[in-house]
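Next come two complexes, and both contain chain A; in the first it sits with chain B, in the second with chain C.
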Partner chain A sequence: MFAAVAWKWGSWLWRLSSDDRRRILKGIPSLATLQAVGETVSESLLHRRIFRVNPLLGYMHMSLAFGWFLLISVGWIETVSYMGFRWVPLQGHVFFKYFATGLPHKPVFEFTMDLLLLFVLSGVALAWGKRLYSRAMGMRRTTRHAWGDRIALSALWFIFPARLAAESLTAALYGGGGFLTGSLGAALDRVADPALLGHAATAAWWFYSCCLGLFFVGLPFSRYMHIFTEIPLIFLRRYRLRSGEKEGAFDRFQIEACSRCGICIDPCQLQQTLGIDDVQSVYFLRDRRYGRLRLATANNCLMCGRCQVKCPVGIDLNTLRLNSRDTMRNIPDERRYEYLKGLDRSQGAGKVGYFAGCMTLLTPRTLRAMERIFGAAGEEVWWADREGGVCCGRPLKLSGETDSARKMVQYNTDLFRKHGITTLVTSCPICLKVFREDYDLPGIEVLHHSEYILRLIRSGRLPVIYGAERYTYHDPCELGRGSGIYDEPRAVIEAVGELLEPASTREHALCCGSSVANTAISDGQQLRIAQAVVQELEATGAETIVTACPLCKKALVRGAKGEVRDLAEIVAAHIR
Partner chain B sequence: MAAINFGYTISKPRAIDIDRNNLRKSDEILHEMPELQACIGCGSCTAVCTAGNLTSFNFRKVHTLVRRGEYEGAYEEMNKCMLCGKCRLVCPRGINTRGVAMLIKRKLGDF
Partner chain C sequence: MKRVIVIGGGVAGMQTALRLADDGCDPLILEKEGELGGKLRDWYVLFPTFTPASEVLAELKGRVIRRGIEVRTSAEVAAFTPHSVTLAGGETLACDAVVVATGFTLFDARIKEEYGYGIYDNVVTSADLERMFAEGRVAKSDGSRPRRIAFLHCVGSRDEKVCQSHCSRVCCITGVKQAMEMKRLFPEADVFNFYMDIRMFGPGYEEMYREAQQRCNIHFVRGRISEASPTIDGRIQIKAEDTLTGRPLKMSVDMLVLLVGMRANDSNARFAAQSGVERSPSGFLAPKSLFLDGVRSTAEGIFYAGTVTAPKSVGECVCEGYAAADAAAEYVKER
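Let's look at the complex of A and B:
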């Protein structure tokens, strides 16, 4: 097992790019190492992030991981103390109780070991209970496992009951044991004859060692690889290693750190609303790890990021899916998009640029509202694409055509620089995200229109009237989870009316369903997701649903009974 | 007597002979994306198209020709698409046009 783990880690580290290696070398003597140690304890052993999902689920994982860790370390100390404080290998404890039966008892150790065993056993019992009724732990659905995982899982489940049986039987034969194994042993001693107990003890120890062996042999090849892989992942992440738009060696650490706990299944709206249950991140990572990823699985994802927020290991799920799509779909073709050369339909000469984006051009009311707002604030604007422009490149990137997307990025970057703007405002979160992440725009501040409007209101350049309307706000995925902008749109809405929050909000907000990242689901399925989202938004009792993304607006309006408005529209309607 | 050149010519007959065209790729595309058959040819996709605004790219024409087995130049033409997805939002038949664009590119990549 250790050879397999070492081989895996070694080859992944070897294949890391030189930049990443430099980051590691720079990171090791820094504070990041200490922080990583802290995170390893709190996540790999205590599983704090799972506690946040559900306390019982957290306890189950903690008792198994932390309990077993203590069992191994305390057991090792016990063995060391028995052997007269000589060096004992870590695995020396495993069959110690079997071989060393004639030694004097040390009640403190026996009591501690029994307590720890009980701690772990409670976790195993919960795991069994979770199979029967997962809702008790806040999980509506759990992972469907591959057979390899099932074998390792069964072995794990039997390790601790087998250990209990083996130690109790030994205690029955030779005495000793703590409150658990000792009293169980005494009870067995009273009811069964010693010869039978002897055979049973041998059988139990054999069973225990088989389970243990099976588990450790299976570990590097099953989901339990996460036990060891999460530790280097935490360290490397602290050293600022990230997955990129192309597959890399660091991805392997992320993929194999997935424990297939299945927490990502419940938040997925494809599962919630449409009942699609074989494309979620857990299955995507599993298929990618074992090299049987299909395009259909990689494509069928809204990339809304709801699962990523919940992932207890903190795996960068969206980026991994993107670079899988890149591997499967990217076609480098130098001749593509030749027509972009020399194109410039922009108007105006302001220092503030406005990039409507394709989707805003399709929602002209948002565009008109932005025109009114710019006019009222007296801003001179350079209109990048009012008369037709080039896409920002994010849709191509999301569908895996990374090299083609680069051409659009290059074109728009040149265009922005040519016109010497200092601020770039966009009303489309999809464009915003790609401008901030993939464009190199020194000296140009990129703002979403919600941020820009809020600045205008706060600085007094845009006087607005507070009205009596009640609004509810739908967080667009690319704006909220994607770019971390939650407060600005809310502040803008509260400047013009009352804001009512829906049940799922901020980082847990739902996706409108029409995400450009998904080309697999049908129109009807998109509509069903939109209807489910609208239902939740309308349950707040607000008259108007407000969003800050033209695509979300288009999607929600199909399912809504009331009005759906862009942020800019309601502000434009309230200009004094 | 030499014919007088009036500046007009007779256009070559332009007919699509479905019996002669190789419909294998077309069938594959329609098999994977059967909803494309629901297209009524309204041209909304083409009217809102970002790439169509800048070039002569015409999504309706490309997918209609492809469905009839006229693959020549379709791949190159399809590569003008920026996949922005506006066409999908306006399609009155709810066809997954982005999916169609990606599928045509995938299927005709080797033509």
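Let's look at the complex of A and C:
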């Protein structure tokens, strides 16, 4: 097992890019190492993030991981205390009770070891319970495991009951044992004859060692590889290693750190609303790890990021899915983009540039509202694409066509720089995200219109009237979870009326369902998601649903009975 | 006498009630609006003969009055079973069978925001244009005469983006008819029809389409308009692709007419849940069989007439009125 794990780590580290290796070398002597040690204890042993999902689920994982860790370490100390101070291998304790029957008893150790065994056994019992009724631990659905995982899982489940049986039987034969194994042993001694106990003890020890062996042999090839992979992942992440738009060696650490706990399944709206249950991150990572990934699975994801927020290992799920798509789909058509040469349909002049984006051009109410807002604030605006422009590149990037996306990025970068703007405003969060992450725009501040409008209001350049209307706000994925902008749109709404929050909000907000990242589901399925979202928004009792993304607006309007408005529209209607 | 309640007093509902009376039943029409007539009240002339809609409507209404058929207007139905109908006010009416003739809903063109309906002046729907014809004042919003007019087919029909995958059938011929009327009113204007397919399924339709091209010189461009935007001089710029030449095109027009489709009523979902009848994927109610039982529902004692099951023309709706009435009469007599 150790050889397999070491070989895996070694080959992944070996294949890291030279930049990444430099980051590691620079990181090791820094504070990051200490922080990583701390995170390893709190996450790999104590599982703090799972506690946040559900306390019982957290306890289950902690008792198994931390309990077993303590069993091994205390067991090792116990062994050392018997054998004297000399070299004892870590696994030295495993069969200690079997071989060391004639030694004098040390009740303190026996008590502690029994307590720890009980701790782990409680976790195993919970794990069994979870398979029967996962709702009790806050999970409506758990992972459907492949047969390899099932074997490893069964072995793990039997290790500790087998150990309990084996140690109790040994205690029955030779005495000793703590409050658990000792009393069980004494009870067995009273009811059974010694010959039978002897055979049973041998069988129990054999069963125990078989389970243990099976588990450790299966570990590097099953979900339990996460036990050892999460630790280097934590360190590497602290050393600022990240997955990128192309698949890389660091991805392996992320992929194999997935424990397939299935916490990502419940928040997925494809599962919640449409009943699609074989594309979620846990299945995506598993298929990619074993080289069985199909395009249909990679494509069927809204990339809303709801699962990423919940992932207890903190895996960068969206980036991994994107670079899988890149590997499968990046086939640029060179001739298709010849029209970009020398094209410039922009209008006006000013230090502030406005990029509407394709979706805002298809929702002209928003565009009109922005024209009114710029006019009222007296802003001189350079209109990048009012007469039609070139796509920001994000939809192509999301579909995996990275090289084609780069052509758009290059075209628009040159256009923005040529016109000498210092601020770039866009009303589309999809464009915003790609401008901020993939464009090289020195000296140009990129703002979402919610941020820009809030600045205008706060600086007194845009006087607005507070009205009696009640609004509810839908967080667009690319703006909220994607770009971390939650407060600005809310502040803008509160400047013109009352804001009512829906049940799922901010980082837990629902996706409108029409994400350009999903090319697999039909319009009818998108509509069903939109209807579910609208239902939650309308339950707030607000008259108007407000969002800050033209695509979300177009999606929600299909499922809404009442009004759906862009943030800019409600502001434009309240200019004093 | 057996009481049969007809829900909806449009052309299909009125003809159903007339035929039920002929069949020896006692029909009652429930109409949610203040008067009989349904959608036809908003229409000016009918394809392919340019017959005034008011003529057809007056004749049907006259017959209903002369036969003394009981009518309740402003009576919206909340729920029904084969043997009772509950009104929105809470009143329950007993009956022996129900004929559902609740018709359709016009697609709301504002959902296709990219066409600018309700945002820019001079973007109108086909229903708006009929009203303008009826009122005798077809003009741009500033009162001037349009010099270039574009019709866009399939707005809210055959459009997966708005989840209306079905064909509304009658808008193609309506587009041809309205284009010819516009050409008659404004002979100097250029009239363009942007279409995906032209579906001329009825008697005399194809001939009318040919006449529109050959005699009226109306231009037909195969390609959907992708978006409309205002120009500085108050016109509308449209972007489309001429898919026959494979080239994108831009054009400024004075009026853009959106040929809105027929979509299923929202009430169909409620009715289906309450009465156990089935809906087709398009949202329209599904007849028991498309071939042998086109006017029967999947539930005993509930029958259909007109566009509640699918988009249809006026003539087809009237024919279904006869068929639904006969099926309902046969059912109540056997009971």
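Keep in mind that, in the parts below, the second predicted complex is superposed on the first by the 571 of 576 C-alpha atoms of A that agree within 3 Å, B and C clash if a C-alpha of one lies under 4 Å from a C-alpha of the other, contacts with A are read in each partner's own complex, and residues count from 1 in each chain.
The working rule: contacts are C-beta pairs under 8 Å (C-beta built on N, C-alpha and C of every residue); 3 or more make two chains touch, one makes a residue touch a chain.
Note that the coordinates shown come from a computational prediction; the quantities given were computed from them, not determined experimentally.
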Fit or clash between chain C and chain B when superposed on chain A:
clash
Under the stated touch criterion, which partner chain does A:M408 make contact with: chain B (first), chain C (second), both, or neither?
first
Under the stated touch criterion, name the partner, chain B or chain C, that contacts more residues in chain A.
B
Kindly classify A:D523 by the partners it touches after superposition: chain B alone (first), chain C alone (second), both, or neither?
both
Which of the two partners, first being chain B and second being chain C, lies in contact with A:A503: first, second, both, or neither?
neither
By the touch definition at the top of the document, which applies to A:R336: first (chain B), second (chain C), both, or neither?
first
Between chain B and chain C, whom does A:S399 touch in the aligned arrangement: first, second, both, or neither?
first
Thinking of the overlay built on chain A, is A:L90 touched by chain B (first), by chain C (second), by both, or by neither?
neither
For A:R365 in the superposed arrangement: first (chain B), second (chain C), both or neither?
second
With both complexes superposed on chain A, which partner does A:K554 reach: first (chain B), second (chain C), both or neither?
both
Does chain B (first) or chain C (second) touch A:G388, or do both, or does neither?
both
Give the one stretch of chain B, out of 26-34, 44-52 or 62-70, that collides with chain C after superposing.
44-52
Both chain B and chain C contact which residues of chain A?
361-362, 388, 522-524, 554
Sort out for me which residues of chain B touch chain A in the complex.
35, 48, 50, 53-55, 79-80, 82-86, 88-91, 94-96, 98-99, 102, 105-106, 109
Which residues of chain A touch chain B in their complex?
329, 331, 333, 336-337, 339-340, 343, 358-359, 361-362, 388-391, 393, 395-396, 399, 401, 408, 514, 516, 519-524, 551, 554
Per the touch rule above, chain C residues touching chain A in the complex are 111, 113-114, 116, 119-120, 160-163, 227, 229, 239, 281
Can you tell me which positions in chain A touch chain C when the two form their complex?
361-365, 368, 388, 522-524, 527, 554, 557-558
